[in-house]
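Two complexes come next, and they have one chain in common, subunit A, joined by subunit B in the first and subunit C in the second.
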Partner chain A sequence: MAIIETKNLTYTYPGGAKPSVRDVSVKIEKGEFVLVTGPSGCGKTTLCRCFNGLIPHFYQGELKGEVTAAGLKVAEQPICELAKHVGLVFQNPENQLFALSVEKDVAFGLENLGVPREEMRKRVDWALKLTGIYDLRERAPHELSGGQQQRAAIASVLAMQPEVIVLDEPTSFLDPLGAKKIFEVIYELNRKLGITTVLVEHRLDLTAKYVDHIIIMEDGKVVLDGEPREILSSKEARLIGVGIPKATRLYQILQKDRVKLGNAVPLSSDEMSALLRGVLKA
Partner chain B sequence: MSVFEGLRFRRVYSPIHNLDPRIKFVYVCAIFVAAIIFWELLPLITLFLIQIPFVLLAGVKREWLRSMRGAVFLAAIIFLTNFIFSFIGAGYIVTAKSVENAVAMTLRFIVLVESFSIFFLTTSPDHLGLALEQTHIPYEFCFAFTTAVRFVPVLAEEAQTIMDAQKARGLELEGGNFLKRIRNYIPILIPLIVGSIRRSLELAEAMESRAWGATKNRTNLYVLKMHRGDFILIAITVGILATAIYTRLFFAIPSLNELLGSLF
Partner chain C sequence: MIEVKDVHFTYPNGVEALKGVSLTINNGEFAAIMGENGAGKTTLVKHFNGLLKPTKGSVLVDGVDTRKVSVATLARKVGFVFQNPDTQLFSETVEEEIAFALKNFGFKENIIKRRVTWALNLLGLVQYRKTSPFMLSGGERKRVALASVLAWNPKMLILDEPTIGQDYQQKEKLRQFIMQMKAQRRTIIIVTHDVEFVAECNPRVLLMRGGRMVTDGEARKVLTNPEILTQASVVPPQIAQIFIKLSDLGLPKNVIDVYEAREILLSVLEEQAK
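== the complex of A and B ==
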């Protein structure tokens, strides 16, 4: 059974002229690494808010259709109950850290849940180590770089041990190298711990190679949904203006000029160079 | 950023910093009471002096001196009012007693400032927040307190950025009369307020997503435990208070004049 499923989800913000998410039906399977992308303003953030109950509990407005997450009907459960199952990491790391030290922040969710102190200590240290910020645990948030802050934000969601972690453009405040490192951390969490991961991201060059499933949105609707290689090499994806990885694009152009490099479409420069190497050897 | 430097708490470790804030607070209250029950100069001098070792132990001499310097203006006003009143009361003559009285009142104020500044200079905000939580103050208040402290440097930085941006666009901040100057700051305040509202919405969203309010029995990563130092401070506090009350009740405290007179 899918761990997150939406059925004909349509949502309009209070006072909104038209729905921000329209008739969305998607399924996210357990353990998957899902990438959600699409032009700015197409409703990606809105969709994320539906996954953990911020819509309809925090944002009023008009909701139609149904969302289930981890077997719970989102409309019927309070956010704090859903938070145990679906963790949400936001765009701006600064505004998700409210405590005066990193470890206190990582503990925040667990404190809210009333987790006993010894157990909390263990989970906090575990999350800090996984995200590689254990040595920074006593620092204040404003003493950290953007990348470190974002790691702290991820750790604080991770400590709650949700089944699904949703990251809404977690690297938009970071430089490319910082972003690359964050993606590596996220990928490891997905592979090692089997946490279902939903990543909203524009930089497909850096992320496409990790993902099992891509959802492309446009103007509130899901227009493409499926296997990454298939979707990214499709014409529709290019026309929507999704940032197709350069390697994929090059493969397509070469293919149009009747240079066939192999059967698998490359999603990253590594895969591309492997392909080229193979061809050169032959 | 220089204006806002003072708002930033620097993490320091010293025997005084490590003391339980609750005990430190009780200590401040005790000093407060002791300073109020005396109006003679001698005990107030004693109260002033016995706090100096705390400052030295905590290693906050520079900051402490700065905060004492900040109190000079008020201290001068207190001295002058007291002096003038006793001057008039004594029939327009300056007596040694009236000077000593005025000095004593001023010193009382300084002792109060001294103990408060020791408390705030040596108590980190998260320590204070923790102490608030563990004295069963509703968690919402404690959270509001620590979050406010957390965002002071952030807002300060934002204010600075907005100020620079508006100045670059030709905004004059200085000059003009008082009202004009206040009006000058409106282009700074509006973006700052709008930004803060958006920030608080994002904060609320993040809090909700991390199970805010899931249970009434919130737990805490830290516990405040009493250490040896705290017991020593309790002993000192009780000692000061007991001595003060005993002295007040059973001793006639000589004025500095009389004392000096009897010595020489």
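== the complex of A and C ==
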């Protein structure tokens, strides 16, 4: 069953000249790891804001069509109710963290939901440990490095134990190794806890190998929607200007040169080097 | 030319962000500064236009000590685009934002018009001419900030994380623009975590760690050395990873470009077929 579904969703920001999201119908299944990508300004972030009710409740504007999340009709539910089900991690952690200690930041959402004290303590510690920042719990968020802040932002959303977690370019300020580690944490949470994960990201080199489902948007519309290997090897994806992982690109180029590498499209350097090893040994 | 001589810098809160950095960047050079969060990359480049002055040591821009000139004077020569566009944008429309610095520098009205239109075209922002920058997406705001600096065509350009939020096509345009600037003997310095972008540009790479410079060399050499990269919290680009993994088969290690990878693999396969 789909945990998030939009039907003919069209949305225009207040004062916007044209819709930012146009006639979008997508289904996200429970437990899936979904990547949403597309050119800058294509409506990715806007679409994600519809999943937890920030649109239309906070941003207002004009919404047509239907969005359901965790069985709730988004347009009819207040943000505080939706927040229990769909957590959103912002692009810039500084927009999200504000308390005097990491621990208080992580507890904040739970306090607002009126979670009992004992339960709150348990969930905060659990989220801090999962994201690997338990030792930093008494530090001030603004004193932490970008990567630690990004982990704190993820922990504060996880503590709410949402069924869906939406992450909007969660590693854009991180060094490559820091980014890699965050994606590994997110992937683990998805696989171990079965949290449905929606990731907005341009850097497919780092993320394509983790995902079950890719949605590509262009100019407010969904133009490609399906299985990653199929989508990333399609000509359309390249023409839209999606950053195809270089391993996948090399595979495509060599296929054209009639090098026989098999039909399993690689998404990572590990997969591509294994394929090459096959032909180079022979 | 930028000459950095044994620069130390300590922030007022006592954090020592630079611990003795020396380097020279010549006119017409394209350099990428990379390294872990908190390595001192942004602190270093803020010295290049005089936003920060060294606690010890000196920075010379075209022979002039940055301590002896105002930021306003240096700005004309050294353009700086910040990591977060929101620290830079303030005008009511994209057009006004781009025209602002040009007006301050005293350009004539008709030249301002021409340069604004040029910058809007270059960065794919023409349709937003009359839009408020704050109505735009993160990636688009980043391009407005870039346009507002490119418009006055500074001799040296510093871009802090220029590819954040940019899609592949925008990155490709940025790459072509940088190459054009380089051909005009202008200097471009980028601070970036985007290894794939650096792999496509093959600039000089300066790797920083803990307030010091750890490596300085051509991208294809630096980005294919996993030991040094790991120290600086950088991972090799995907093509380099593939060749490193296959190095036991006698393939070269220093490959970062997908088309070069193709040439090498095809010639090896041809050799095998014989």
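Throughout what follows, the second predicted complex is superposed on the first by the 280 of 282 C-alpha atoms of A that agree within 3 Å, B and C clash if a C-alpha of one lies under 4 Å from a C-alpha of the other, contacts with A are read in each partner's own complex, and residues count from 1 in each chain.
Quick note on the criterion: a residue touches a chain if its C-beta (ideal position, glycine included) is under 8 Å from a C-beta of that chain, and two chains touch if they have at least 3 such contacts.
Keep in mind that this is a model prediction, so the values were computed, not measured.
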| item | value |
| --- | --- |
| Subunit B versus subunit C as contact partner of A:Lys64, first or second or both or neither | neither |
| Subunit B versus subunit C as contact partner of A:Arg117, first or second or both or neither | first |
| First, second, both or neither for A:Ser101, with subunit B first and subunit C second | first |
| Contacts of A:Ile253 with subunit B and subunit C, given as first, second, both or neither | second |
| Touching partner for A:Asn92 - first (subunit B), second (subunit C), both, neither | both |
| Touching partner for A:Asp205 - first (subunit B), second (subunit C), both, neither | second |
| Which superposed partner A:Asn52 touches (first subunit B, second subunit C, both, neither) | first |
| Partner chain in contact with A:Gly241 - subunit B first, subunit C second, else both or neither | second |
| Subunit C-contacting residues of subunit A that also contact subunit B | 92 |
| Of all residues in subunit C, those that touch subunit A in their complex | 35-38, 83-84, 135-140, 143, 161, 164-172, 193-196, 199, 230, 232-235, 237-239, 241-242, 245-246, 249, 251, 258-259, 261-262, 265-266, 268-269, 272 |
| Contacting residues of subunit A [partner subunit C, same complex] | 13, 15-16, 38-42, 45, 91-92, 145-147, 169, 172-180, 202-203, 205, 241-247, 249-250, 253-254, 257, 259, 268-270, 272-273, 276-277, 279-282 |
| Subunit B partner contacts - residues on subunit A that touch it in the complex | 52, 54, 57-58, 79-81, 83-84, 87-88, 90, 92, 94-101, 103-104, 107-117, 120-121, 124, 138, 140-142, 156-157, 160 |
| Subunit B residues within the subunit A interface of the complex | 11, 124-126, 129, 143, 146-147, 149-150, 153-154, 199, 202-215, 217-223 |
